[in-house]
Amino acid sequence: MAKPIIFGGSRGKVLAVKIAKLTGFELGEVIVKSFPDGETYIRFMNDVKGRDVILVNSVHHKPNDILVELLFEIETLKDLGAKRVIGVIPYFAYARQDTRFNPGEVVSFEIVARMLERAGLDEIYTVDLHLHRVRDISEIFKIPAYNLTAVRDLVKYVSKHYKLEKPLIIGPDEEAEQWAKIAAETLGVDYDVLEKKRISAEEVVIEARTANVRGRDVIIVDDIISTGGTMAEAVKALKGLGARSVVATCTHALLVGEALYKILRAGAEGIVASDTIPSPVSYVSVAPIIANALMRRVGKE
Amino acid sequence: MAKPIIFGGSRGKVLAVKIAKLTGFELGEVIVKSFPDGETYIRFMNDVKGRDVILVNSVHHKPNDILVELLFEIETLKDLGAKRVIGVIPYFAYARQDTRFNPGEVVSFEIVARMLERAGLDEIYTVDLHLHRVRDISEIFKIPAYNLTAVRDLVKYVSKHYKLEKPLIIGPDEEAEQWAKIAAETLGVDYDVLEKKRISAEEVVIEARTANVRGRDVIIVDDIISTGGTMAEAVKALKGLGARSVVATCTHALLVGEALYKILRAGAEGIVASDTIPSPVSYVSVAPIIANALMRRVGKE
Amino acid sequence: MAKPIIFGGSRGKVLAVKIAKLTGFELGEVIVKSFPDGETYIRFMNDVKGRDVILVNSVHHKPNDILVELLFEIETLKDLGAKRVIGVIPYFAYARQDTRFNPGEVVSFEIVARMLERAGLDEIYTVDLHLHRVRDISEIFKIPAYNLTAVRDLVKYVSKHYKLEKPLIIGPDEEAEQWAKIAAETLGVDYDVLEKKRISAEEVVIEARTANVRGRDVIIVDDIISTGGTMAEAVKALKGLGARSVVATCTHALLVGEALYKILRAGAEGIVASDTIPSPVSYVSVAPIIANALMRRVGKE
Amino acid sequence: MAKPIIFGGSRGKVLAVKIAKLTGFELGEVIVKSFPDGETYIRFMNDVKGRDVILVNSVHHKPNDILVELLFEIETLKDLGAKRVIGVIPYFAYARQDTRFNPGEVVSFEIVARMLERAGLDEIYTVDLHLHRVRDISEIFKIPAYNLTAVRDLVKYVSKHYKLEKPLIIGPDEEAEQWAKIAAETLGVDYDVLEKKRISAEEVVIEARTANVRGRDVIIVDDIISTGGTMAEAVKALKGLGARSVVATCTHALLVGEALYKILRAGAEGIVASDTIPSPVSYVSVAPIIANALMRRVGKE
């Protein structure tokens, strides 16, 4: 049987090369171009008939362009006779619009999931999906869906490259507790989350729920840095509470505007992210965890 | 029964106001914004439960953003309980990718039609859809689909605003014959199309199939001006063949790059388009033909 | 002596063709491209040595790209031996940043004027320059500078194409009085401006300074429509005061976001602008007033 | 005397924080925003009167926006009374347009240098400026100009993080010999450059000038990776010539389109760049070399 073939879409080409190298799967070539009028052109250069196809594409920076590209790619692969289309979508946009906050609003997380399934996607692998009101990835996808985590590799990287004495893991808010816990278990250290406490009508302070931060080397763990506001505030609070040093980590470095600057200016010693979204602080690649997950299941039968 | 409500998406707001005025339908309000990370936010400000909803949006200039917006809007209107969602999509992107020219290519026209139907669209109205290999709109859509034409209003406008002595209608190539014919019937004049004729191994000339152009006032009729290359070439050829004056018309003024300049520099006296895509030469509004078509069918039962 | 040659930069090509036709000046060709890394490439295709050169370029939509292009073009024309470089800059960006509103701010109007002069510009023609704190164009430019107006042609167009009974001209605020006056003189009718009057701590009303609006057909005259907020507010106020109809006009149709929609939804019967910035409502060309001004002075000696 | 103050423009904020930390200079704050019409707004939040001001901004990704910002910043700092304005421009755009390749072309390198000087810049620090036809930075700038190099730190990083047995340094073409030489001296190893040799009318091969590549661990050294074409070709050639491993390095990672993918797919083991242009492969910061250079000269008198 032909071995699986892996294609990198326009936000997945570098990861596709790395995953192909790690898995031994064939690296295919898909051409993606924009016409002068903004329409997307796509052409698969390899025969996919009867084969398991892995499609790597991360939906960020002009997410709508990538979403349309992804839907076109899935439909076309199916039309070209692919046996199964397995999507590797390291960063999955629209996950934060997961409920109708106000009447008349779009619930785009749900719609995007449906569109991918209807286009013919057979399986999906993603990394540290923003699950908040939706608690498990199986609540949002009807197809087999695997939510990997980059948190272990992120904190191992920090632990190796920064001189930390028994670090303390901190989640910047309650939602981040899920990742803080994984990070703490990985390094065998303790963790906590920050909370906003109202002191008076005018004054709010940010404190750790229970931990004493003073003199500690803190690693902040979160899923996304978008504008950097939450992270910068957390860094500032922790420095104010007496932390000796603070390193900020996240899986998805969206880094809108001056995010890095805000966090560094707030006093962070460093910022470390994964390459689900390539960025100047993407020191940790998710290629190995994706390759491992794929090798366990794809091309086995 | 509540009267139909009409919403303008981010490329349909001006047309929606005009159509609402002409039809007497209620004008609704939908908010469409972009988050800093490029995700689209949408909120309908009117209750649509049980009502016929008309959604106006033209898929051009960042067509993928608009396509995603449109899909989100249709899904959300259905989810909010709209009785029927009637799409008015004056310019329909991706119609030129209607077949697999090379192995492995995406056939996006077909896919986009399917995506709109699956999202829940009940009916579609469009204008001068680029139908080439697909001969009729019913071959591409399974839902009721109406392909209106702006050609009559375009040539009437030219006839009124330019001093022409018994104009000759010209289609710049064979594909444009369908529109040239409508234009000629509208004005009660003759028409022809241009053809490339090979003179020798090196030389190709552009000529009218049978008509004598010399001394005539020519109106060129086409569906789309994209980069303006075809139209500029046609203008130049017609001037070279002795046409007294040439006015270029099209329904969809995509106008990529220096299109208008090329056509004017080639010698066109003027350029006239419709407002399916708003442009500096969109002198003719399609609001009346769309309003008429809608009033004939929507809100009747 | 060689006759003047006219070049259209990337926001001036259509106007350049029209002005060349009206003046009989030679139409030159300048190629402007963007490299993939965003750098601008420019090449003049005609010999300019010893000639008067007219350079048409309007600084809008990515104004910084156009400003850099303009500076490169002026410097290069001088370097190539042009006798004089006469800039036609129908829309001149940065005119609203004409003072230091807060400490530390850039006063860009002044800086841009200096940059153009230092690059070697010999004369400048512009249209309805936003002069507010700076009262006359000669206060900002040291080179000969001509500030033309499109207001006369705008209101003549409205007067011809809309059925108005003795129209009333209205400036939406005090700054617009200068254009309202010209418009009123052109049509031989009266004019006024709107004012915000505070009724109580909470309530502000917009009223005409002295004119009675009731039953009148109003033409609003302003220099710029940017987001459309001011204009929409004026339309709404005038309709509320009993105006029979309102047509909005401006010279420069920047039209950021949903400007046209806001103004139409507020109740405007129509919107009419010039083509200093090409737009879907640019029904009036400034080519004739620019051609006239140039013919009076350029290529005479 | 007040110590020097350092501002980061919109492409220099992260470097400014790092340089401030290393030098002990005060970190100032400049707000840079875009208005909805694309105009740039700038405000300095610190008093600069009588002080030495260091302005960090790298001219890439929308270089014209940054160039205009830079000119506005310099003019404004001077206007606000800064004693000296010292520009740190790690990546300097337009350096490749350093001559008139065809008649009528802009020589933008020269023009940009003049514009910066006229705006009031007193000194300039840059990194690995693309000097080709212009041989020394003093030929292009009249003000004191310092051309630092990141090459030493780049090859030291590679040497530390990759297991290389006595590496061979290669410049991908003759122009790169200047950097290859520095790299070789830094690591105490040999170097060479690649050459295209014509075998027959149809066939061209790429070879090292004299070095034997077989079995060697090669570090390619160049100033810029733009589309990645040159680098990918070099990697491929070196692998074809029997190199055991190839690591690609450059100072300026412009990375247009699929540059990283092309180079990895060609067989590179890794890609390492500096942060003159922040990128996913910017593992080496130029902050230390810039800080050192500044401390040697600024704030001394």
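Before moving on, here are some points about what is shown:
Order of writing sets the chain letters: A, B, C and D. Residues in each chain are counted from 1.
To be clear about the criterion, contacts are C-beta pairs under 8 Å (C-beta built on N, C-alpha and C of every residue); 3 or more make two chains touch, one makes a residue touch a chain.
If you're wondering where the values come from, they're calculated on a predicted model, not measured in any experiment.
Shared contact partners of subunit A and subunit D, listed by label: none present. Using the mean of the Cα atoms as each chain's centre, the chain most removed from subunit C is A.
Remark: subunit A and subunit C have CA centroids separated by 47 Å (rounded to whole angstrom). Between subunit B and subunit C, the centres computed from C-alpha atoms are 30 Å apart. If you average the Cα atoms of subunit C and of subunit D, the two centres end up 40 Å apart.
In subunit C, there is no position where the chain touches two or more neighbouring chains simultaneously. The touching residues of subunit A, counted against subunit B in their complex, run 36-46, 60-65, 67-69, 71-73, 75-76, 79-80, 93-94, 96-97, 102, 104-108, 111, 114-115, 118-119, 226-227, 254, 256-257. By the touch rule above, subunit A contacts subunit D in their complex via residues 8, 13-14, 17-18, 27, 258, 260-261, 264-265, 275, 278-280, 282-283.
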